[in-house]
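Listed next: structures, encoded as structure tokens.
Shared between the two complexes below is chain A, which has chain B as its partner in the first and chain C in the second.
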Partner chain A sequence: MKLSAIRPIALVLSRELTITALLLLGVSFVVFIILYLSPGDPFSVLLEGQVSTEEAREGLREAMGVPKSWYSQYLSWLTNMLQGNFGTSVRTGLPVLQEVLRMGLNTVVLTIGSLFITLLLAVPLALYSAVRGTDRISWPLTMFSYVISALPVFWLGYIVIYFFTHKLGIFPMAFGYSSGGSGSAWLYALLPIFVLGIGNGTVSEVIRFLRSEMSRVMAEDYIRTARAKGASVWKHSFKEGLLIPVTEIIASKIPFILGGAVIVEQVFNWPGMGKMAWQAAQDRDYPVIMGVAILAAVLVRLGSLFQSVVYVAVNPRASKE
Partner chain B sequence: MKRISLVLLSLVLMAAAASHPAQAAPKKDGRPNGGSLSYGEYGRPATLDPVTSNEMISLRLTELMFNGLVGINEKQEIVPELAEKWERSPDGRTYTFSLRKDVTWHPREGEETKPFTADDVVFTYKIMMHPRTITPLKVRYEFIENVEKLDDHTVRFTLKRPILNALAKFSFKVIPKHGPSNPLYLTRDDAFVQNPIGTGPFMLKNITAEREIILVANENYFKGRPHADKFVAKPFADQNIMTQALMFNAIDMIVLVNPRDIPEIQGDKRFVLQPYNALSYSFFGYNARNPLLADKRVRKAFTYAVNRQEMLDSFFNGQGTIISGPFAPGSWAYNLDVQPAAFDPQKAVALLEEAGFTRGADGFMQKNGQKLTLSLKVPIEKESEAVKRVVLAFKNYLKNIGVDIKVEFKEWQAWKEDVFLEHDFDVIFASWVFDDSADISSLFHSGEIGSWKNNFGGYSNPEVDGLINESKLTLDHEKRRTINRKLHAILAEENPYTFLWTLTNYAGYHKKVRRVAIHPYKFFSYADEWFMEEKDQK
Partner chain C sequence: MTAAPLLKIEDLRTYFYSRSKQAFIRSVDGVSLEIAKGETLGVVGESGSGKSITALSVMGLISGGPGVISGKIGFKTDSLQRNLLHQLEDYVTITKKDNRIMQVNKEEAGWDRHTDHLMDRIRGKEIAMIFQNPKSSLNPFTPVGKQITEAIQLHTAVRSEQEAKERALSWLDRVRIDSPRLRFDNYPYGLSGGMCQRAMIAMALACEPSLLIADEPTTGLDATIQSKIVDLLAELKTELGITTMLISHDISIISRLADAIAVMYGGTVFEYGPAKEILSSWFTSKHPYTTALLTSVPSAQNIREKGYLQAIEGDVLDTINIPAGCRFYSRCNRVTEKIRERCERCEPELREIVPGHKVRCWLYYE
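== the complex of A and B ==
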């Protein structure tokens, strides 16, 4: 890539990173306030199993060195976080950053895997119907995918478990997803990826979006010109009709997929960030919840960063907008 | 079922303060060694050491990895463990323990095996009592004034005052002095809590990425190597899946079978369904701060109005016992002479009328133009199906006698704030879990009314207070029993709760596992004796 092509990307990157930093600050503040205002506190989980008098709570707060006012709590968290210290989980005592990253990796696998499944199903269907219009092949397929998309993932998850492991026995019954033989662990991973990929309402949206984008591009003058010249229509329409919409979809769908992951991870006992967040929310494990929120926000921003970079790489003029 | 767990003082057990000779090193019972046993757990344990952990999942695991000075055998007698004999001073204020000399700590990689000594006992006690250590054990050991090491294998505990059944309390699990990195106190940040070493039959091998906990046999266990090679605890997010996992041989044991799945496991010849005593009970608790509920006749009417046997039979397959009072039926304090009130809606209506209520045109009871409407707050639980049914049945039963119940489900922490802090409720549905003690003082004593205290309903009765105080002071077991029987009778009549039932707990396991004895709440106390025939070891 020439230098002139890299410059706009660098420009976009620096702008996006600044926005990201501000956004993370905002996210952390909002999440903290919501936590602070919600009933319960992290001490309850430590006091579970003993008489939790007011004095016991106060003693605990002091023993753990937690400041009293909400703003000093937030500021001390923020100061530590800026130094790379996300604190330790109240429940397990494990360092939050390390745990969130470890679990986050599993969730990233789930997210990317399911995005891949979604695109694998949606792109051919969308392209086919954009080029050929709705016909006897694309209509039932599209309808079918719409129906599947509309099913709630927790239900779909149970149905899939029921059929594939109970009835057919194709997938390992090792819920919790391995034991000894790690050879079949990846096989088990396919189920939640599949469920999250086809469910969660993503496939139908991707089809709709891609089809309309592609149809719009197909009607553009330059495509007609290309067609008239006898040049490849595909080559001309690829960037604007497929590459950009797809990256846009990836970016915009990440938050939804992360949301769906919370449910799918619960159903499939998948040791990911969503499950971690769920547990942490029940325990009011503030440091973990904050850590998960930050990581989720980072993932979402990475998605849109990726989108901007691709957009500018395709069309350098966009960096000046 | 999620429960309010409760730590109560004073263990029940009576025992001869006698000395027993130490056992020989290898188990010579002729039963085969080998085999791996994996069991399903209801989640991932927070910590694995016996000091900071405060939930059942961890409690079960620490039972496999650690020992106390004394233990409790299947007949509920106190037996020597890390201490081989002990002596009680005539005034009952000092206990001197002679420790076994053949006990070693689980080895850490690259380190030499270290022997267990008196220093470890003193260390454990000091750690437990340090103000910065957060542990439910602290309140249980406040009766100890001092501990001193007499020599490497002798420790002496001095009590603040003699207490009943003090010996049983020395079953706290001992941790090694060289274990935690901080020599003064133990917090959950300490690496030890995730990677502990103990003296018990099994030692922690590793925790997998999926948080499965793998324990292996301790070859040097002082009671002889346990029969099984390996124990694996597998966390499950979903109870339904756990039973399925047992059916598909993905696990070998479930520590607590969901009542709904009992018939399924029962009907399968591959499995054993073993009941064990549960020291817990469920109840509807009333808020005496509400003037309507302050009248004992109203509370009593509610107890007559509900058909407890019908609920137990239809929602829990009849797996349990209806109770009449504030103790678990397995407990020595339970008064069998007090019968649970029979289902009698007519009597309930009569009682309400006696309390000044009349049936209004809409069919609901009212007094001074005020309709008898109450809120019922219920914590949302993971496996809430049975709970939901109980709650709806309660609503229906009370509707029949003209009481309007508004059910409100609340998230666990929010529910706890409403009940224990704000006292903003009329009726709750919950359960208490006891250890093997029968101390109900924190539940019904008027001194326990207040923020985050256990007498959430604000129940106050001078007679009950007096009996509780008396029971706490007595050193005579028989006398305490008499007092508790009296307490039981009074509370059964007063109905601060509508006492419901104790459910029978069932462990479900593959029949290849033999000689399974189960401790009521520690569960794995006797697991070193469990074995598998060679052909079953896979």
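== the complex of A and C ==
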């Protein structure tokens, strides 16, 4: 790559990273406020089963070194966080950062895997119907994918578990329970990835979006020129008709898929961020919730960062601004 | 029109099916034209007269949806002879019932594949095309030079990147783009409309095609740029002797370049003959529509004679409900009592009134 091509990308990166930093600050603050205002706190959870008097909770708070006012609580979290210390889990005592990253990796596998499945289904169908219109091949396939998309993931998840694990016994029961070693661990991963990939309403939306984008580009004057000069229509329509819309879809779907992941991780007992967040919310495990929120925000920002970089790299006009 | 024609269009019909009206929109309705080697044929007519659809039919670019083409388009060079519509109709079945067209079944995939097969080594190599709106006709994501080298590498013996670039640069220079080396790496958005059209012309001619189709090449450009593009086309015509089919609604542009002119109206040819006869004032046996077109050109002379600019009354023909008689009847100002009935009831043929000059009008039937 020439230097002239890298410069605009570097510019976009620096701009995006600034936005990300500000956004993370905002997210952490809002999440903190919501936690602070919502009923319950970690102390009552820790003291559960014991006499939970006001004095006992106060004592516990002081023993754990938690400041009293909400702003000093937030500020102490923030200063620690900026030094790379996300605190420890109230429940397990494990360092939050390490735990969140470990679980987050599983969620990233789930998210990227399911996006891949979605695109694998949607891209060929969308391209086919953009070029050929709806015909005997594309219509039933599109309808089928719409129906599948409309199924709620938790239901689809249980159905899949019922058939593949109980009835057919092809897939192991649950993550980590398998005795077959690492081989069946990744096999187990296929089920939730598949369910999140085809369900959750993403496939139909991706098909519709990609198809309309591709048909629009196919009608462009420059595609007519490409045909008139005997060049490949695909080669000329690829960037605007496929590459840009696909990156847009990836960026805009990540928050949505993360939301779906929370449910799918519950259903499949998948040790990911969503399950961790769910558990932490039950326990009022504030440091973990904050950590998960920050990681989720980082993932979402990574998506749009990816989109911006691709867009600038592809679109000569955008890079001049 | 003496040498064996390079392109010979015979009874071309390009229809589009309208499902709601259960009828065909007859955009091109029986057009026959021919272009001899080295000749420039100007096709003139109002918008909607079917000129662009004729050109797109020649290029096999009528694909999407309901377009149905019939007729014959013979293309003949020293090394190649082909009917560009050969057996294309096999892919279409039309279901009729009481004069209504109930259904048009077009096997699109087969149609497209067959068209691509017929147009193989013709599009871009033998017939090149330039369009109106040059800015949007170039790929916005690819540098202009790259788009020219792509055509060169596709259609000529030149394969190496460097050699193709040298050739593209010499063409950019030839179409009078200054500092071609600089422009080579520019994207279309960085160039003006006129420059884009020059680049389009360079791209079209870089593979030395036998025929250039220029579809409204100056439409959408500033008036001064328009005349410069016409100058360039005239220059290239004398320099290279390219065979051209020039399509324009603007008869003044046609008049500067064309050797022969076809005047189109409502999907048919109304008058077809040597440019010098059609444009001259001494040749009076013209079609009333041609005369009307000539007097509606905003030239100083036309305005001086009348004191205002003459426009053609009425609207362009609705190509779904084509009347039984002459297509121009309702707008014609030269219908005499003697021929009125014929004008209203029957469509005249395109008839040779002097050798090499045909007119479709009852006025010239004895």
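Keep in mind that, in the parts below, the second predicted complex is superposed on the first by the 310 of 321 C-alpha atoms of A that agree within 3 Å, B and C clash if a C-alpha of one lies under 4 Å from a C-alpha of the other, contacts with A are read in each partner's own complex, and residues count from 1 in each chain.
To be clear about the criterion, contacts are C-beta pairs under 8 Å (C-beta built on N, C-alpha and C of every residue); 3 or more make two chains touch, one makes a residue touch a chain.
Remember, it's a predicted structure, so these values are computed and weren't measured experimentally.
Asker: Chain A superposed: clash or fit between chain B and chain C?
Answerer: Superposition check on chain A shows chain B and chain C fit without a clash.
Asker: Would you check which partner chain A:Arg211 touches, where first means chain B only, second means chain C only, and both and neither mean what they say?
Answerer: neither
Asker: Please work out whether A:Arg224 is in contact with chain B alone, chain C alone, both, or neither, and reply first, second, both or neither.
Answerer: In the superposition, A:Arg224 touches chain C alone.
Asker: In the superposed arrangement, which partner chain does A:Arg284 touch: chain B (first), chain C (second), both, or neither?
Answerer: Touch partner of A:Arg284: chain B, not chain C.
Asker: Tell me the contact category for A:Val314 with respect to chain B and chain C: first, second, both or neither.
Answerer: second
Asker: Put down the vertex angle at chain A formed with chain B and chain C, C-alpha centres only, nearest 10°.
Answerer: 160
Asker: When the two structures are overlaid on chain A, which partner does A:Arg301 contact: first (chain B), second (chain C), both, or neither?
Answerer: In the superposition, A:Arg301 contacts neither chain B nor chain C.
Asker: Quick one: is A:Arg91 in contact with chain B, with chain C, with both, or with neither? Answer first, second, both or neither.
Answerer: A:Arg91 contacts chain B only, not chain C.
Asker: Name the chain, either chain B or chain C, that contacts more residues of chain A.
Answerer: It is B that touches the greater number of chain A residues.
Asker: Thinking of the overlay built on chain A, is A:Lys253 touched by chain B (first), by chain C (second), by both, or by neither?
Answerer: The answer is neither, since A:Lys253 touches no partner chain.
Asker: How many Å separate the nearest C-alpha atoms of chain B and chain C in the overlaid structures?
Answerer: So the smallest C-alpha gap separating chain B from chain C comes to 47 Å.
Asker: Provide the residue numbers of chain C that touch chain A in the complex, in ascending order.
Answerer: So the residues of chain C touching chain A come out as 59, 61, 64-65, 108-109, 119, 121-125, 128-129, 131, 133, 136-143, 150-151, 154-155, 187, 189, 200, 203-204.
Asker: Would you pull the chain B residues touching chain A in the complex into a rising list?
Answerer: Checking each residue of chain B against chain A gives 5-7, 38, 43-44, 46-47, 52, 54-55, 131-132, 134, 136, 138-139, 187-190, 193-194, 208-212, 232, 234-238, 241, 244-245, 248-250, 411-414, 416-418, 420, 442, 450-454.
Asker: In the complex of these two chains, what residues of chain A are touching chain C?
Answerer: 132-133, 135, 218-222, 224-231, 236, 239-240, 314-317
Asker: Please name which positions on chain A make contact with chain B in the complex.
Answerer: So the residues of chain A touching chain B come out as 38-40, 44-54, 56-57, 59-60, 63-64, 88-94, 102, 161, 165-166, 173-179, 266-267, 269, 271, 275, 279, 282, 284.
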